[in-house]
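Consider the two complexes below, in which chain A is the common component and chain B and chain C are the respective partners.
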Partner chain A sequence: MIRDILAIGLWSVVAVLVTYTLRHYLFTLNRVFGRQRQPYVDIGVGDWPRVAVYVPCHNEEKVIGGMLDALLGNDYPADRFYVVPIDDRSTDGTRQIIEDYTARFPGRIRPFIRSEGKPGKAAALSDATREAEAEVLMVFDADYLPGPNLLRQLAAPFFDPEVGAVMGRVVPHNLNRTLLTRLLDLERSGGYQVDQQARMNLRLIPQYGGTVGGVRRSALRDVGHWNEDALAEDTDMTYRLILRGWQVVYQNRSECYEEVPETWPTRIRQIQRWTRGHNQCLRNYAFPLLGIPRHLRFAQVIDGVLLLGVFAVAPVLLLGWGLATALYFMGYEIRPGLIVLFAVASYSTLGNFAAFFEVATAVRLDGSRNRVRLLPFVALGFLVNLLAVSRATLSRRSWLAPAAAGPTWEKTERYRAGNDNAANHAAGHDTAGGPAGGGQPS
Partner chain B sequence: MSPLLGFLLLLLLAVGWTTLPLLPALRELFSPTDVDPLTMVGRDNADISRFARHFRDYVQANLRQLPPEGGADDSFGKLPDGTQFVRIAQGHAVARAALPDGTQDRLVVLEHPTTLPGGEQFRLEVWARAALTGGEGATYRAVLGEDVLRLGAHTTVLRWVHSRGPMDVAAGSTLYGRASSEQGIRLGRDVAFERVGAPVITVGDAMPSHGPPAAGELVEAPIPEDARRLGDHLRVEGDFWLPPHSVVDGNLVVAGELRLGAGARVKGSVKAHRAIELEEGAVVEGSVVSERTIRLGPSTWVRGPVIAEDSVTIASAATVGARTQPTTVSARTLSLAQGVAVCGHLVTQEGGHTDLAR
Partner chain C sequence: MSSATGSLTRPPREVAQLRLRGARGGIIPKHRSMIRLRWTPGRATRAALLALTGFAGVMAALPAVGRLWGGLFQVALPALGLGDQVGWHRIDVGSLFSIAIPHPVVAGPWPGTGHFIGVGGFAALLVVLSLLLPGRFLPMRYFLRFLAAIQTVSIGYFAFATPPFPYPLPGYMGGLLAAGMAVLALVPIALGLGFYIFDHTLWRQLLLTVLVLGHLVVLLPLQALSHTWLIHHASLLVQPPLFFVFGLLVEILVIVGFYGWAMSWEGTEIPRTQTLGAAR
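Moving on, here comes the complex of A and B:
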């Protein structure tokens, strides 16, 4: 009896892993052979919408100057955009730097200073954007470095009245620092170049990642503003928009440099934070999505659920290991037909081998030459992700009511030496939800 | 062979086989060869005259490094980077500078107004510093005109063409790559193109209308009962047809097909998951976006942009954009009838063409 229950459990684990394996292959093959959708990339002239760029900050003195310089150097019509640095209780020199810029660029820099209310990015954005004048509200993290054309590229999809949010591509800049940064570079390629673009091609659910992108003001108001209790305000926003009937768009050519973690402890904290935020969304939106709203296609619902569950796969995989071991010692006989399924499952033992195929394809699409040679080491990254994500998933905070857990400012360590713009080539950040195409442990 | 030796050999083989894929990985890790951040690729996508500007900068900078010209005659030379060029003072001398088979393998600088007889093949760029009138059947790699530029019938441009003055492209021509003018472009019959940009692009002798045609008497369009308001747009599931001379105030998103009857008007943008058709005289005061095809009927007016994932067809006397507000028409394929006027950019992924027969 117990053995049968364990066997059913193992079968279920295999089914989950096979599903994610097929998903990876579908995305990768679509990216290689499918028709690529980039419908807004060619919009070069138009009556550009008014844009407000929000930059949430909490102790960002090392990077905020570089970010503001990059934004002010953008080629978006100067009378059509302004920048809102949001200082939320910084205790370093962030506020002074923002005040300096405000004095130098009156009207173009409009700071929003917070000294009370809930801490955290979602709450800061919620307060700052509530009275926004602009039609499009873009959000960047303080340590990103947007290129000169980025605002125009990200604004273009908003000519489509159905588009509620747009996400650009995050590109690591500091990949030459450690093995970890190089592995994260490969993961990011897979996540954006293949995963996100394939979702766009297949009209599924590209994810708004909250770090290089924007939201339409009327859509934001329509879904009730940012969820201040969300640990991953970006993923939360993605699902509320989709469930309501808005579209989320990914722009593969709207790239922005970021700075990825250079040490394993930082990376582990980062991915655990993403896990908690993502699992909170899984709890909040899986059932509404499975209700199959009339405006969504079945494929979108399936993709949406799989995306929500992506951080839950790691403990499922660990469970599979445990079940397989237990059944082996209990004398469970594998029938020949099962061998194929177990072969696929073992294929997914460290991460998912289809994910390796995805990463290799992405690197190839990016035109990179030799970095794909590091692919075997990606297994190391997946192993760390597996344990870190499993631990975060099984933690109380992952499933507690947000009011009890409470969002806070959780920041990834910055590596830039100072506020020297020439040296500010790195960029990076993450939100609680993480880059939309960031490393997925499945 | 002893069992122990066999085991050790097997073990060695297994370890070697396992570590094989790690060898290139270890090599790349300890002796990195590919650690630069990815170059951002999207910078020039929508900048149609970019190549022309870069060429002008390049050729001016290189010519500046040469000794000053002694006389007003034609001169042959070599730019500092080794590119051979010819400066032609008299238009008829172009033929003299050509190879025996009639092709030009030098960069050609035309110093004065020039009219070419036709049939030339320019393997490198042509820089016309004054008005240029091309002959029939010429093939250019690229042309930069600093004044009026007229391309003769059945001309082929392989990479780009740009003019500071008005550009006229005669019938049967093919413009690969980018074509742009700082004043305006007139396209003749059966002209094929990929990317075109100018303050005004006309097919034949069209003139862009300054604004939407007078509305006349409009009635409020009947809205389906199951339509939902989402933020600033109205969402309709299924197909939707706006009756002639009806109006919708605001943005409209349709999950099926959308048809605007003759003279109908939308005071906002429209989007449809399937085809969009604007019948004669219909007006959209914002953008028109379709996940499939768009057909703009005769005398329609769209402020723009017009974006279709498949094809866009624009019928005679239709206008997209305005001189004061240029916009973009983007589609996989694009078909323009006589009398069409577009202010801004025409961008296609698989090519567009004009057709006076429609």
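Moving on, here comes the complex of A and C:
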């Protein structure tokens, strides 16, 4: 009896995993052979909307100068955009750097200083954007390096009145540092070059990722602003926009460079933070989505639910391993035969191959050759992710009511060596024009 | 009017080509965000033919592979001090297909006190090693602890269980090699889905297939022999970790390793781009 129950549990886990495997194949094949939907990428001339670029900061002295330089060097019409660095209770030199830039670029840098209220990115954004004048509100994390064309590319989709949010592609610039940074580079390639673009191609639900993207001010007001209790304000915003009938657009051409974690503990903290935020969204939006709102297609609902559940799969997989181990010692055997043999072998071979196929495809489409040879090492990252995500999913903070859990600033460690740009400013040099690494490859 | 509309919706070939022509006559490469491959009948046919021919070819070759493995076992088992008995597990599909899969027939002893001490000490050593490894080896730490955990569960099971073990060693070996043969047959299918569809030349597609199949044909019996040797000496205590961690997972990683290498080979359509950093 117990054995039968465990077997049913194991087959249920297999069903979940097969679903995600099929999704991997569908997305990858679509990305390789499907019509690439990038409807706004050719827009070069237009009556550009007024844009405010928000850069939430909490102790970002190592990177904020580089970020502001890159933004000021953007080719977006200067009279049509301004930058709002949001300093939320920094205790390092962040505020001083921002004040320095504000003095040097009056009107173009409009700082928003917070010293009270809820901590965290969502609350900081909520406060800073409430009285926004601009039509489009873009958000960048402080460690990013946007290229000179990026704001135009990200603003272009907003000419479409149905678009509520836009997301660009994130590319690591410190990939040559450690094995981890190289693995994260492969992972990011798969996530953006294949997953996000396939969602865009198939008119599913591309995800607004909270940085390298923007939200339409009217859409933001329509959904009731940023959710200050959200642990992942980006996923939260994606689902609220979708449920209210707005479109979320992914622009694969709009690349921005980020610093990925260089050490495993930093990576674990990062992915655990994402897990808690994502699971909070799973709890909040799975049922509204499963109600199949009339404006959503069935495929969008399925994709939306699978996307919400993506971090919950890790503990499900662990459960599957546990059940398989228990059944093994209980002497459970599937009835032998050629078909069963092929079914099990197919599950092992094609099932495990799917994720590697996606990553390898993404890297090949990227035109890279050398780094795809690290493909087997992705399994190492997968093992760490599996345990870290499972631990975070099973933690109380993943499932507590937001008020009890409470968002905080959970920052990823920065590695850039000091604030060279800020130092140049202090010495009176003008570094506006963007750092060398901020240019977009062609 | 209709022709004008037609030209708007479907620009003539020359216009489409001019759109990619640079000021000095060169071709402007597509940005990586827009690169895709065309799903042409030729590409589809070639991928399907290679996959199906490969599958049929491997199936046809499996009896010979079985005989090869059987011969290897007959030589290797006595050399390893494991006797000379080779069992044959037969799989028939009506009168269409029949294959005999060889496997070592060696007893896997029920663990005694010495086995518990030795294997238990080894599991403890794995944990200690995982604690001593520097932080940058975190995935290896996790792997060692995972291995130790499965080994500990196995020790716990055998401490309380009574014979017989549901999976005697010869049966386990037969299962491993039968599954290995199924994986061999599935390799062309997996490559059909994940490799033949790309822009590699035919000889490169064949090369990868031969490399993977050749490697697995050699690896599988050696893997079976090493498992047999370990279980014969360290008792059934070590069979569960070998099954879960060093079973088919090894073959999957071998396939992925070769696949990653092959995906780095030059193709005919997708250009290599030099972006940030030299090692991309």
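Just so we're on the same page, the second predicted complex is superposed on the first by the 403 of 442 C-alpha atoms of A that agree within 3 Å, B and C clash if a C-alpha of one lies under 4 Å from a C-alpha of the other, contacts with A are read in each partner's own complex, and residues count from 1 in each chain.
Here, a residue touches a chain if its C-beta (ideal position, glycine included) is under 8 Å from a C-beta of that chain, and two chains touch if they have at least 3 such contacts.
Model, not experiment: these values are computed from the prediction.
Participant: Please determine, from the superposition on chain A, whether chain B and chain C clash or fit.
Facilitator: Clash.
Participant: Does the superposition put A:Arg31 against chain B (first), chain C (second), both, or neither?
Facilitator: Second partner only.
Participant: Which partner does A:Glu255 reach: the first (chain B), the second (chain C), both, or neither?
Facilitator: After superposition on chain A, A:Glu255 lies in contact with both partners, chain B and chain C.
Participant: Quick check on the superposed pair: does A:Ser218 touch chain B, chain C, both, or neither? Answer first, second, both or neither.
Facilitator: The first partner, chain B, only.
Participant: Which partner chains sit in contact with A:Phe329 here, chain B, chain C, both or neither? Use first/second/both/neither.
Facilitator: After superposing on A, A:Phe329 lies in contact with chain C but is clear of chain B.
Participant: Hey, is it chain B or chain C that touches more of chain A?
Facilitator: Greater contact footprint in residues on chain A: C.
Participant: Just chain B (first), just chain C (second), both, or neither: which does A:Arg240 touch?
Facilitator: Neither partner.
Participant: In the overlay, answer first, second, both or neither for which of chain B and chain C A:Pro376 touches.
Facilitator: Both partners, chain B and chain C.
Participant: First (chain B), second (chain C), both or neither: which does A:Val171 touch?
Facilitator: In the superposition, A:Val171 contacts both chain B and chain C.
Participant: A:Phe159 contacts which: chain B (first), chain C (second), both, neither?
Facilitator: In the superposition, A:Phe159 contacts chain B only.
Participant: Scan A:Arg114 for contacts with chain B and chain C and give back first, second, both or neither.
Facilitator: Touch status of A:Arg114: no partner.
Participant: When the complexes are fitted on the C-alpha atoms of A, one of 56-64, 110-118, 164-172 or 272-280 in chain C overlaps chain B. Which is it?
Facilitator: 272-280
Participant: For chain A, what residues appear in both contact lists, the one with chain B and the one with chain C?
Facilitator: Overlap of chain B and chain C footprints on chain A: residues 41, 171, 173, 175-176, 179, 253, 255, 257, 366, 368-371, 373-376.
Participant: Mind pulling up the chain A residues that touch chain B in the complex?
Facilitator: 37, 39-47, 147-149, 152-153, 159-162, 164, 171-173, 175-176, 179, 182, 189, 203, 216, 218-219, 221-222, 244-246, 253-255, 257, 294-295, 366, 368-371, 373-377
Participant: Which residues of chain B touch chain A once you look at their complex with the stated criterion?
Facilitator: Listed in rising order, the residues are 21-22, 24-25, 27-29, 32-38, 40-43, 45-48, 197, 228, 230-233, 235, 237, 251-253, 255, 268-271, 286-287, 289, 291, 303-305, 307, 309, 325-328, 330, 344-345, 347, 349.
Participant: Contact residues on chain C for chain A in the complex?
Facilitator: 29, 31-39, 91, 93, 135-136, 138-140, 142-143, 146, 150, 153, 157, 161, 166-167, 178-179, 182-183, 185-187, 189-190, 193-194, 197-198, 240, 243-244, 248-249, 251-253, 255-257, 259-261, 263-267, 270-280
Participant: In their complex, what parts of chain A are in touch with chain C?
Facilitator: Within the complex, chain A touches chain C at residues 25, 29, 31-34, 36, 38, 41, 169, 171, 173, 175-176, 178-179, 193, 197, 252-253, 255, 257, 263-265, 324-325, 328-329, 331, 333, 338, 341-342, 344-346, 348-350, 352-353, 356-357, 360-361, 363-376, 379-381, 383-384, 387, 437, 441-442.
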